[in-house]
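Chains: A, B and C, in written order; residue numbering restarts at 1 for each.
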Amino acid sequence: MAYLLHVLILVALYSILAISLNLISGYAGLVSLCQAAFYGVGAYTTALLALNLHTPFLLNLLASVILAGTAGLVVALPSLRIRDDYFVMATFAFQVVVYHLLNNLISFTGGPMGLHAIPAPRLFWITLSGHLGFLILTVVLGALIFWVARRIVSSPFGRILFAIREDEVLALARGKNVNQAKVLVFMIGAAMAAVAGSLYASYITYIDPTSFTVLESILIISIVIIGGAGNLWGSVLGALILIVVPELLRFVGMPGAIAGNLRQGFYGLLLILFVIWRPQGLLGDYSFQKVKAGK
Amino acid sequence: MQQLVANGVLAAAIYVMVATGFALIYATSRFLHFAHAVVFTAGAYFALFLATRIGLPLAFSVLLALVLSAVLGCLAELVVYRPLRRRGSSPLVLLLSALGIYIVLQNGISMLFGDDLKIIPGLDSGPSFTIGLARVTPVQIVTIATGALCVVATAIVLKTTRVGKMMRAVASDSELAEISGVRAGSVILASFAVGSVLAGLAGVLVALDTAMTPDMGLNVFLMAAAAMILGGVESIPGIALGALLVGLTQHFGVWLLGSQWQDAIAFTILLIALAVRPQGLLGKRAVRATA
Amino acid sequence: MNVLEVSALNKSFGGLKAVSDFSCTVEEKEIVGVIGPNGSGKTTFFNLVTGFLLPDSGSVLLKGNSVIGLPAWRITNSGMSRTFQLIRLIRRRSVLENVMLAFRAQPGENLFNVFFRSGTCRKRECQQREKALGLLDYVGLSKKADEPADALSYGQQKLLSLAACLASDADMLLLDEPVAGVAPEMLEKIVSVIRDLPGEGKSVVLIEHNIDMVMQVCHRVIFMDAGVKICEGLPEQVRNDPRVLEACLGR
């Protein structure tokens, strides 16, 4: 039972991550490979605050969100003038830099040893320590994030994001401040990823930089693509599939040493297959294909 | 100090090989073939496999490993990229597929060989030389020489040979090239073959010098990409310059800040380069987002 | 006051001079046509004036204010809207959404409003929806309001682009080949919409290759060749100008 709850918590966590990246890459069309960096910023901020200042969870969450949002600003601003594929490289580079910051600022972050014994989340008078309580917290926050994302994409602002994705020149010609919208969506996506980070740190109670690498970013974008770019339910579905299926592998009796590799290999294979055969994913409407002007 | 320069130049030699191969592929096929990172790794592991499990003599293993690297690159092109390109997929889509290929292959290597450090045995490298105050092993000297040779050879091939001219034609305008009778598909395949050989070669040389792990390709590739972007995709001397810059700055940064920062330094350089001058130091093609 | 005043506009690409010392003015409620061979710099002129390209030198005044160096989106919001030679639309979205995109001053485009002033946003969205439907009705596309823009015919898509321009409430409209390649019935419709624009207080500059249409609709015509304004005047004057004939025959 605890195992089932654990899996559900992971599904909820990755749904949040996928939704956060879906806003940036699926709705606004800005492919980014640094979502794990924001995830990490969120996790470490919450962990450090909880460990050192013993502040309540919601406060830590807020701090994480603000910090990650700022990081999103830092990435997005200079990247506005860089073209698509080089932009991806830039997010990649940013991801690696953040990883090394987490890994090397040992006095601050514990370096490769990470941070241990992160306290369980303290919400007002309740301390959540069981799986069920944590699942509820994660699902509640997840639902909140889903709602926020939904409001954003169905608003006129969401219309701008869609326009940026489909035809940026047109968006400009129709009087939309494209740069501002791009920066905003990046910041929001980063902030949402930080929520997942906060949850993760509080749940696993131990974090180290290896959870926040480029490979993790690639996993998150795989979930977005497979579930469907441009569809929020797709992100939930994608998280479900990509978390649950490898767990099933456990029952097939894979030797522990290669289980991790098989799981990652599964992600990679699924990514390739979907990109080739169904780039819009299961429920999405965007295949990362820039449509040319004219008929 | 001189050791730093030597280390920096050594790193630059590796980067320039990987970067030149990558640039060839990027120039003709117009997308970031991320899986190049694992071709580098695969080259080393091919050589390891051939030398240890099959027991071929080292030189032969290396040569065969280069061929296999070329095959690997070409397979990626034929099986994944070409069908996508035929369908009119954007460079972004191709990049995403390349990411998938990287993940599958890197994990494949991990599963087959394990994640532990390995070395390719059978190389009695002899004593290290001392040039000035710097210590370099024979393998390292070979690596630096090979790097330089690759740069010069690639530049010559591109300028003078027929294949090279076709590559340049496809790189500057593939439609025009097609009209002039150049089969872009074959040229792209050739770029993959040559580029992958260069990556595999670099991988083998690194494995002969230091240890190898399945994920070693990632960092080297990103560094090489930094070198390429810094130097400008279209310019071989630019790439060489970029590689030197990345390699030297990395190692000087190491001296100043400590070796754990060596990757972060390189990437910060890349980020600054992308933000300030995306077309590189010597490059011509603009990579700014168009209005 | 002149709605648009362009003086001594210059733009080179590499060694090629795309627009050379180009000047023109557009008065209120005027329709000006720009004609000339392919590659004569007409679209470049549009791009320069609307902020998609930065001129090397010269000035552009929109209702007396300089717009040089302003980002394109700001110029649109200052009252100058354009269409493109190769139709640009959000193909996956409905015709109605395409028009609604173009409205200025949408509170819902500000995220703060989306979450904290949702009532206002919703109300305004409703109003704009009505306005958009009204516009579609005006151009004759209201039956297609909920269909994806992609489902429209070529001519209808051009009409939709025009409607979107109108939605932005711009007083200065720049139309790049509004009827090129359009079937005759649609052409008539587009022409009648354009003709009515001065009556709505708008000024128009249009680029066209369809000389008959230009003669019918425009108050004034400018002939461009190789980036230079060759001549300017009443449609008939320009048509019979020997320089124009020479430039056309010389091709």
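Going forward, a contact is a pair of C-beta atoms (placed from the backbone, for glycine too) under 8 Å apart; a residue touches a chain by one contact, two chains touch by 3 or more.
Bear in mind the structure is a predicted one, so any value in this text is a computation, not a measurement.
With respect to chain A, maximal separation of chain centres occurs for C (centres as means of Cα atoms). Among the inter-chain contacts, the highest number of C-beta pairs connects A-B. The innermost chain, defined by the distance from its C-alpha mean to the mean of all protein C-alpha atoms, is A. Here the spacing of chain A and chain C, counted between their Cα centres, is 41 Å. Per-chain CA centroids place chain A at a distance of 30 Å from chain B.
In this assembly, the C-alpha centroid of chain B lies 48 Å from the C-alpha centroid of chain C.
For chain B, the set of residues that touch two or more other chains comprises 291.
Residue numbers of chain A whose C-beta contacts span two or more other chains: 169, 172.
Residues of chain C found to touch two or more other chains are 52, 72.
Chain A makes touch with chain B in their complex at residues 31, 33, 78-86, 88-90, 92-94, 96-97, 100-101, 103-104, 168-169, 172, 214-215, 218, 221-222, 225, 257-258, 261-262, 264-265, 267-272, 275-276, 279, 287-290. Those residues of chain C whose C-beta lies close enough to touch chain A in the complex are 50, 52, 71-74, 76-77, 81-82, 84, 86-93, 97, 100-102, 104, 106-111, 114-115, 118, 121, 125, 154, 157, 164, 168. On chain B, the positions that touch chain A within their shared complex are 31-32, 80, 83-84, 88-93, 95-97, 99-108, 110-111, 114, 218-219, 222, 225-226, 229, 258, 260-261, 263-264, 267-268, 270-271, 274-275, 278, 287-291.
Across the complex, chain A meets chain C through its residues 148, 151-152, 155-157, 159-160, 162-163, 166-167, 169-179, 184, 188, 285, 291-295.
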